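Multiple structures are listed underneath, in structure tokens.
Shared between the two complexes below is subunit A, which has subunit B as its partner in the first and subunit C in the second.
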Partner chain A sequence: MSRSAYADLLNLLAGIALVAAVLTLWRRKLIAIVRLLAVQGAAVAAVGILIGIDNDSATEIVLASGALVLKAVVIPLVLLRVVRRGSETRETEPLVNVSASLVAAALLITIAFATTRAVVSLSDSPEAGVIPIGFAIVLVGFFALATRRKAPAQLVGFLLFENGVALVAVLAAAGVSSVVELGVSLDVLLAVLVLQVLTARMQDQFDSLDLDHLQELRD
Partner chain B sequence: MNTTRALVPILQLLLVFVGGPLIVGVIRKVRARLEGRVGAPIHQPLRDLRKLFAKERIAPEHASWVFVIAPAVLMTSAAVTAVLVPMVSTVSPFAQVSDLVTITALLLLGTVALALGALDPGTAFGGMGASREMTIAALTEPTLLLSVAAISILTGTTNLPGAINEIIDRPGSVSSIGYVLALVALGIATLAESTRLPVDNPNTHLELTMVHEAMVLEYAGPDLALVETGSSMRLVIFLGLLANLLVPWGIATGSGVAELAVGTLTFGLKIGVLAVALSVFEVFTAKVRLFRVPELLALSLVLSFLGVITSVVHP
Partner chain C sequence: MLLLLVLLPVVPAAAAAIFGWRRWVGWLGVAASGLVVVGGGALAVHVLDDGPATFESLLRADALSAFMVIIVGSVAVLASWFSVPYLETELVNDLNSHRRATVYAFLINLFIATLVLAVLADNIGVMWVAIEGTTIASAFLVGHRRTRNSLEASWKYVILGSVGIVLAFLGTVLVAYAAANTAGGGAEPSLSWTALTEIAPRLDPDVMRVAVVLLFLGYGTKAGLAPMHTWLPDAYNQAPAPISALSSGALLPVAFYAIFRMRVIADLSIGPDFARVLLIVAGLLSLAVAASLLIAQRDYMRLLAYSSIEHMGIVALAAAIGTPIAMSAALLHLFAHGIGKSVAFFGSGEIALSDDSTRIADVRGLATRRPAIAVPFGLALLGLLGLPPFALFATEIAITRAGFSEGLGWIMAIAAILVLVIFGSVLLHAKQMLLGTPDEGVRGVETGKGFAGPLILGLAAFAALGISIWPIQHLLHEAARTLVT
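Take a look at the complex of A and B:
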């Protein structure tokens, strides 16, 4: 693979991941949000595979493929079950309305690009050039986590955040570090499973997935 | 050589003037067919225009000169843009002044003129339509400008023929996610500016939803014909701009007769394909609620903004 094709592909995949993150702020249907998360997970994992191919490392490719299955199939399926079980299908009223969220996302992405300039200038490798996008995904994910009300939407925000971290890690280390990737992936899967149980309990208790219900103490 | 060069603007003007209503006809026909109707013939919009131009001019009682000149301004701005935007060939006597920012401004001029014309007679519908149109325009114009900025950064020029030549010569310069984002944003802005679904339904006269139709409600006869022609010309200009930025190949880079013929044919083909794609898209799309239109446009604004940012850091 030629260097410029490699750099273009890297940019394209990271770009897809970032656009998917922005789109999750725009869509209201919870199912659509989960699907976007799957697309993003696939793009982030594909970056790992791409770097693995570039490094000619079979271990990295296998690990990144494992991450692909986890991020693009397993976690979204678990989340889809949460959404289908729940009584609500839409994120009707986020704390910050959709237009303002999008503008905030633009702002956060600018901040990400501005603050990572020093990191980018450390090296002129194509991987370094994409790090700001990973950082931007982290911030957008964090924003989604902070401003959405429904449990599945917040979960997606958390996973966007995690995908961003994974992307930055893969790019900064120029390859998947096996121990770390395995550990983090399993942690995330565990967290999602625990939160699935939690949301199921919430649904039973309150008949709703709105996390604001958790503000009051009850016996 | 020089005479055919001078022919380019005239050719483009004619193409847009006659092609506009025809494209509207094609879109309606494809839509009708997909919905299981026979539909009016493709040249029906041209017939409608002939009928409208033959009618007597009539203006509302309290309308001032603003109402009268608005259609002319819309039409003229569309005509000037049609001359400036490279559609058939990148060589033209006006290539020097064919600037992306100028074109955006000219297109906005038409939008504002029509909104003022709609406000002038003081009817409820006109005012409502104008206010909606301005809400939409206030969000689409920054989108257009930002996408244009992204394209200019990548190609190194705000001159449109120059940018298209650059893309043809070095496709590598725009093979970036920034360019894709800018084009997607430009596409959404195009739908909004040319008043198509999902922002505005061109076929409706339901007061809850109409935007463009509410604005032109007071116009009749030749004035309405001017407005309709101007709008269809704008549609072709937007589609042409999008088509030539998306796939510039096929546009004439010289001004020989044969080159111009090929350029005209490929341009017709590109516009035709885009128009059919647009109508298929419209069949499967519902109009977005008016209150959600700003969300859609905010998305296009953010996408164009991302386009600019990623273009700036693109090596």
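Take a look at the complex of A and C:
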């Protein structure tokens, strides 16, 4: 594969991941939001596979394929279960409305590119050039997490955010050993399962997945 | 040896999983934690004589790790011990099911194991995995009581803790990236502390600045530093008292341990001022948040939580000063605060069971009604306020003096004013609870059996640390030296 085709493909996959993140701010249906998360997870994992192929590293390809199964299949299925068992189907009133959210996303993407200039200029590899997109996903995901008011939507926001970090990790990760990568994936999966149990309890206790119920503890 | 220390708490966890909650499973947990302390002591002797110990390329212990193992183990002994009568009281009074007690006994020991792993990891990636593991292991412990409020607290705890730790991972990745692209190259890309400290002066400072901010935000969240502290009062208000004690006394120090270590690398790479400013801002902000929310505090569990935020603010300021004396004081402060705060949480946990309320206004005349709790609880509070003979008196004086001699006099003066405000507020609230006219009898459940042991042991240890630190003085000195560039 020629260098420029490789770089284009990296940019394309990362771009898909970023567009998926932004689209979650636009869609209201929780099932649609979960599907977008699956698309994003697949794109992020595909970047890992592509880099593995480019490096001729079987370990990297295997690990990235594991991430593909986890991010594009297992975690979205867990979330679909949460949505189906819950009584909410839509993110009705996020704290920031859709058009303002999209403007905010544009702003966050600009900030991501501005703050990572030093990171990009440190290395002239094609991977380093894509790192700002990873940071943009981190910020957009964090925004989704902070402004959504239904538990599944907040959970998706957290995972978008985490996918952004995972993208930066595969792009920049020289030296992050496979033990650490496995540990990280396992930790994220466990955190999602913990949150899934908590949403199930929330459904039992409040008969709803609206996070507005979680405002009783205060000084 | 190192691996054994990490695996010790797994034994009672496995016992809980196989046999379910039994009294002896609880005692096994206490014994395992006790062995962690003993092992930490043996490790300290070994490290001081022969230098750092390693296991494969994953675990490594120097004086600082040994000291941290002792902190974690000591608080774990107290928390596991208090858990035995705590769970028994809950079961006898039908406040909780046997199944939940089993889950509790399983998770608390995993929680302890992840804490030990975090301070023994040589690789900052492994340390990250362990600290993330602490959140997962303790999430259901915070939600142990299964009420609406405890659900709210555990949701916030997991979301905020995970966001923080994922940010720290992003920072870790950037450190690895900077290490792989060092000027001059040639360095084997690695995330081991030793390797990173060696190449730190050659890491790209601009990338390290971004990395340090992310790491500080991430581990600062776990360390309860303002403005990332918001999970902490809710969690400590809802979690069972031994879990709050373990979190306050062992988890917050472990998060600080990560900050301390990263700080060494940051200073070597970008100079001392960058991390210093971050630590001063977070330290003063934590003190200010604690002071403003303690003045009119109505809940005594939250009072203890804000007091923890206060003490983490003090430790952040000590780290900002960064001299050997300040770092020794910071480490001792973490240790003494952990022990003292555990006693205070145990006292308040027993009060919460017997009076069935965590509101300050609902608890009156404790000194006449329940002197067996009131005396240790009151003494621990006085110690936490920094009165002699308890150790926090000495450490706060040492930190202030170190601050003045490093030219941070103004910062120390502001901090002293905030600490005085906190002192007055806590004293007034404590007076309400301890004195005042007792109202009619016990509303909650009968307590008292078996609770006294960990309270007295903790209080004795808290006082002993204040009277003399000679057994650990050399270790403390060496541990602080690893943190000074």
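In the analysis below, the second predicted complex is superposed on the first by the 212 of 219 C-alpha atoms of A that agree within 3 Å, B and C clash if a C-alpha of one lies under 4 Å from a C-alpha of the other, contacts with A are read in each partner's own complex, and residues count from 1 in each chain.
Just so we're on the same page, a residue touches a chain if its C-beta (ideal position, glycine included) is under 8 Å from a C-beta of that chain, and two chains touch if they have at least 3 such contacts.
The shown structure was predicted, so the numbers you read here are calculated from the model rather than taken from an experiment.
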| item | value |
| --- | --- |
| Fit or clash between subunit C and subunit B when superposed on subunit A | fit |
| Touched partner set for A:Val98, first subunit B, second subunit C, both or neither | first |
| Superposed model, subunit A: greater residue contact from subunit B or subunit C | C |
| First (subunit B), second (subunit C), both or neither touched by A:Thr147 | neither |
| Degrees between the directions from subunit A toward subunit B and toward subunit C, using C-alpha centres, nearest 10 | 150 |
| Touched partner set for A:Gln196, first subunit B, second subunit C, both or neither | neither |
| Partner chain in contact with A:Ala118 - subunit B first, subunit C second, else both or neither | second |
| Which of subunit B and subunit C A:Thr24 touches, first, second, both or neither | neither |
| Touched partner set for A:Gly129, first subunit B, second subunit C, both or neither | first |
| Partner chain(s) touched by A:Gln40 [first = subunit B, second = subunit C, both, neither] | neither |
| Contacts of A:Glu216 with subunit B and subunit C, given as first, second, both or neither | second |
| Superposition-derived minimum Cα distance between subunit C and subunit B (Å) | 19 |
| Touching both subunit C and subunit B, counted on subunit A across the two superposed complexes | none |
| Of all residues in subunit A, those that touch subunit C in their complex | 115-116, 118-119, 122-123, 138, 142, 145, 151, 154, 158, 161-162, 165, 168-169, 172-177, 179-180, 183-184, 186-187, 190-191, 194-195, 197-198, 201-202, 205-206, 211, 213-217, 219 |
| Subunit C residues touching subunit A - in the complex, by the definition given at the top | 58, 123, 125-126, 128-129, 132-133, 135-136, 139-140, 143, 146, 148-149, 151-156, 158-159, 162-163, 166-167, 169-170, 172-174, 176-181, 189-191, 204, 206-207, 209-210, 233-234, 237-238, 293, 296-299, 302 |
| Contact set on subunit A toward subunit B in their complex | 4, 7-8, 11-12, 14-16, 18-19, 22-23, 26, 98-99, 102-103, 105-106, 109-110, 113, 120, 129, 132-133 |
| Residues of subunit B that touch subunit A when the two form their complex | 172, 175-177, 180-181, 292, 294-295, 298-299, 301-303, 305-306, 309-310, 313-315 |
